[in-house]
Amino acid sequence: MKTIVIHAARDLRIEDGDTAPPGPGQVQIAMATGGICGSDLHYYNHGGFGAVRLREPMILGHEVAGHITELGAGVTGLKVGQLVAVSPSRPCNACKFCLEGSQNQCLNMRFYGSAMPFPHIQGAFRQVLVADASQCAVADGLTAGEAAMAEPLAVTLHATRRAGNLVGKSVLVTGCGPIGILCILAARRAGADRIVATDLSDFTLGMARQVGADETINMKDDPEGLARFTPDKGTFDVLYECSGAAPALSAAIMAMRPGGTILQLGLGGDMTLPMMAITSKELSLKGSFRFHSEFFTGVSLMQKGLIDVKPLITQTVPLDRAVEGFETASDRTRAIKVQISF
Amino acid sequence: MKTIVIHAARDLRIEDGDTAPPGPGQVQIAMATGGICGSDLHYYNHGGFGAVRLREPMILGHEVAGHITELGAGVTGLKVGQLVAVSPSRPCNACKFCLEGSQNQCLNMRFYGSAMPFPHIQGAFRQVLVADASQCAVADGLTAGEAAMAEPLAVTLHATRRAGNLVGKSVLVTGCGPIGILCILAARRAGADRIVATDLSDFTLGMARQVGADETINMKDDPEGLARFTPDKGTFDVLYECSGAAPALSAAIMAMRPGGTILQLGLGGDMTLPMMAITSKELSLKGSFRFHSEFFTGVSLMQKGLIDVKPLITQTVPLDRAVEGFETASDRTRAIKVQISF
Amino acid sequence: MKTIVIHAARDLRIEDGDTAPPGPGQVQIAMATGGICGSDLHYYNHGGFGAVRLREPMILGHEVAGHITELGAGVTGLKVGQLVAVSPSRPCNACKFCLEGSQNQCLNMRFYGSAMPFPHIQGAFRQVLVADASQCAVADGLTAGEAAMAEPLAVTLHATRRAGNLVGKSVLVTGCGPIGILCILAARRAGADRIVATDLSDFTLGMARQVGADETINMKDDPEGLARFTPDKGTFDVLYECSGAAPALSAAIMAMRPGGTILQLGLGGDMTLPMMAITSKELSLKGSFRFHSEFFTGVSLMQKGLIDVKPLITQTVPLDRAVEGFETASDRTRAIKVQISF
Amino acid sequence: MKTIVIHAARDLRIEDGDTAPPGPGQVQIAMATGGICGSDLHYYNHGGFGAVRLREPMILGHEVAGHITELGAGVTGLKVGQLVAVSPSRPCNACKFCLEGSQNQCLNMRFYGSAMPFPHIQGAFRQVLVADASQCAVADGLTAGEAAMAEPLAVTLHATRRAGNLVGKSVLVTGCGPIGILCILAARRAGADRIVATDLSDFTLGMARQVGADETINMKDDPEGLARFTPDKGTFDVLYECSGAAPALSAAIMAMRPGGTILQLGLGGDMTLPMMAITSKELSLKGSFRFHSEFFTGVSLMQKGLIDVKPLITQTVPLDRAVEGFETASDRTRAIKVQISF
């Protein structure tokens, strides 16, 4: 069985790994597809992000789908051959946050492909995966590529839930990588009216329009492009901040309407923010991190045709060209989501 | 100019009315289309409902759209010839509820075609209407019939806002008249996942499925049809109660999930409810009444193609056959929304 | 060891029971005080309530406090001799509702002294109790009587949390038994401004004033006493309905302000309600049932002197006069909370 | 009539001003007491703050109370001789924010003693003031000094409403000037359990403990004092940030519990914040600005003895020693609130 292992910045290897039979309550999965996420790219390009650094080799990957090959003892509701999207989130369901229903804040989280604890939590870019049955969302009717989009979609649905009711709301999305594009789809699905998106790449902004943004602004070409939304204290009810860049957030804050809500999804370091505007306009800046039940919600909405993620999958490469896939995914002028076929 | 006047139960007359030029801030409108609402039918069939009774002749109608024929002094943003949906809601914008942003609770509300105060508030089923510019939503790109649906759509969008975030939620709709059908559209637009609808008419349930309900139950044929949703304390996160009938609400309560939300839109008299279930499952039963800004939201969502109300318009009759229209509209086996062409 | 056992309506016996050593994670408690609750009285006077009926003898009691006499293996944070309030709520912490943080909706709840499942869940009116350490709130600085009030106090704090922010709000309490009186204390603690209380007993209304109600109305003497709160669509922002009586709730609904919130704590059977007022005033009627973390909150607030429950403890009787205690507790003209000393 | 006029930084003069009779709906007030606010101090010490700068002489003051000396035409509910707290907030009640119930965001706000628009809005440090009757809260039973505290109290009650339900919550207050101290009182009144406060001055921290803080930390002496609250992802449910200082906010963020709420009241310039912690712990950072109905709420709670602001009034100086008052108020080692007696 092959796995995709990061050893250090720009040292990505395809290596042999061990397989195991499924234990009780588990299933064995022949991996079909894995999507490359921004955090995978951070490990690949920089060996980590912020205080999270690689300290030992780690299998990457947490956006995966595959077919069940074997059921462990006691598993019901799944069958061999079925396509499943596999949630990378494994909370303990016993700590205080889990027992408050905040599983994404679990004190003992084992999230695939994460260097946060040590030893690192190995990821799911592997040809054979043993997972808990409870991680699996049956994905009948979807392609493996769509199913592998369940994870980033869940991130944006989680943020959307934190936004409250979006019906008729005016929405701004800053940063049109995969998460930003999915935020557009999620906001539209949740009833948003006007959606404006910003980025520095014409390619990603083209995708933003394709999936439903009403207007886009290339902030490189038009740095004052949000100025027309600032009169009368601002326009937007909701901001999905997906860039992790302080200038994007700061400019957006000036275009927010009093009482507006900012969902911070983009991960960056420290940011310098115009607090006077946040305070005097009474904005609500809310962090949004990962997801829980939204993983299953996303699969169901895709199955019903209510969210279509197919346009986002801009490239698919075979396993032996994984490094090329990581290079392509790093290029915002031609890729949104790059997936690896196992 | 012709108007449609109710004199008493089943005494509906087409009568001449006076026209007037638009005052400052007003526009004159050549009415195109008017939809017959459940309250119009109550006046027609019963002379009122509950404590609200006709005491003098009253022009009916509050779901209307037409073309602007003249602008009063100081009106900007509108032009002659434009199709506009006209909101029947005229709050005072000065009472304590208006100044809290609850215009639908205005103490001095003058809602078209309402016998609640005396003298009654005359309605908008008239060939020429003078309205405030602020009541008008420009409806470019819509048919007059669609534009005239803005009012009932707004009722359901208002309820949807009161429901909180609906993304991935499981929704039940009881009562599939025009409001129930629009609730299905609104819930779907707001991100609901599973939608189940109940009624007593196969015709309306067919419409429910056509606009997006996943399952329907004819409670006349299958009175225990909700029983399969009651295990583990119940299934539905949200109920739109649009029947105004206590048996429908009571059965639905048993199928609600703990912590679920009930939007009560249906207007009925006193109802006997299973309070033990409401209390022990900690349900939230919320009244939902009329709308405010949602009128403009609905027009915008229709213009973007995000909500399609056309299937609901099952019949359109000319003004001189208005009585026939009221008869048709009263028959749930063949009509959802009947509109009158002026 | 003595226990208080209900065999049938009005057949309450003091019987010998067995003791056991504490298991791992458990403690043994010498019971000091137990309060008689409304549900205990229902079993005593009527053999149950609604569909909940006695089918076998059951030890009553779920409002208890005592001193730790022995620690089981692995217990930390508690010590022998300590006074603890013991939560009667034992959720499974594994079902779907527990994992959403709604432990009070646990599918496998084992709540002391409850005839809801069969075999019944035996209660805590016993001289020696073995409980999980996690049920115990250290009550240093409180009397055993105060500590035994933690349970009903938690019920009202839970309802108060469901009310949202109460700062400056106008509050109505209907029904001034122990729960109603504690609601007055809880609402006051949460920042309510005006508090009005209703009941049919001058005795309980006197207690309401003593603990902080601004006004009281005896609805027997003054059935129209709430009429002065109905102009301009009503006055109260929040209602704590603690009577379980439809006439009380119906009258209160007419005095509620548009957009107001009703917490339904009182347990009754079916109720006939003025739905037109609920709908048109857009009230939110929320069931409130039991509690979870609020048990510990209540003990802490009592310890800080922020809530004083002592005035409510109107009588304390020794164990051998328990029947007399139940009789006294049934008499609203002279008792709020009757406690039994073990 | 004397007024207190700021001409430039450290150029404060007592000058003669004109009086006028009250117009319709207005009252004339003989000023009794005015409190010196942080923004008054900014004008006095620095000529403004951030982009808000003095451009012409301006009467300072917006925390005032006095006795009615004359009623204008049509005024009801007030009488000559009455003590009233005067709200400095004069929204237009006609712009879009006012009509949404967000009067504190009014596009045409005329808030006493504010250099934000030009010409500046003159303030209320004047011996005779003509105000709208709707600005006046009858303050029977309070001292003029207490009544003049209604304005800063309202600021903290507004923030407290934005915090949601506080019952049993763990609260941190950073910055113990008058606003921070009032936040302690407001949080306590709203049901908070544990309250911890930080500042750099032992004097203000002593006041914090006096009005109810459970613990205080002098961050100058103990810069790591919040570290003991950071394990398990943090402790505090709610933070009232009243310092306007980025280091205070940043340290507090690390001590916040996942899902916690930060109320930003302190006004500072741009701040550099640990966004990774905000995002991953899903904190909600909410600006809180001024107040609206909370002005009247605060007066009522003070009248009922539910909030006691008297300890905060550390100095009162006569009008002719106003400059000395401003100097004293600038010294956090000996003053919380300095008031001027007119």
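Going in written order, the chains are labelled A, B, C and D, and every chain counts its residues from 1.
Throughout what follows, a contact is a pair of C-beta atoms (placed from the backbone, for glycine too) under 8 Å apart; a residue touches a chain by one contact, two chains touch by 3 or more.
Remember, it's a predicted structure, so these values are computed and weren't measured experimentally.
S.K.: Which chains does subunit A share as contact partners with subunit D?
M.R.: Touching subunit A and subunit D alike, sorted by label: B, C.
S.K.: Considering only chains that satisfy the touch condition with subunit C, which of them also satisfy it with subunit D?
M.R.: A, B
S.K.: Using mean CA coordinates as chain centres, what's the subunit A-subunit C distance in Å?
M.R.: Averaging C-alpha atoms per chain gives centres 45 Å apart.
S.K.: Would you kindly tell me how far, in whole Å, the mean C-alpha position of subunit C lies from that of subunit B?
M.R.: Here the centre of subunit C sits 42 Å away from the centre of subunit B.
S.K.: Show the residues in subunit A shared as contacts by 2 or more other chains, in ascending order.
M.R.: Each of 102 in subunit A touches at least two other chains.
S.K.: Any idea which subunit D residues touch subunit C in the complex?
M.R.: For subunit D paired with subunit C, touching residues are 157, 160-161, 163-168, 186, 188-191, 193, 293-294, 296-298, 300-301, 304, 306.
S.K.: Quick one: which bits of subunit D touch subunit A in the complex? Just the residue numbers, please.
M.R.: Within the complex, subunit D contacts subunit A at residues 50-51, 96-97, 102, 104-105, 107, 162, 232-233, 244, 258-259, 264-276, 278-289.
S.K.: Spell out the part of subunit B that touches subunit D in their complex, as residue ranges.
M.R.: Residues in contact with subunit D: 93-94, 98-103.
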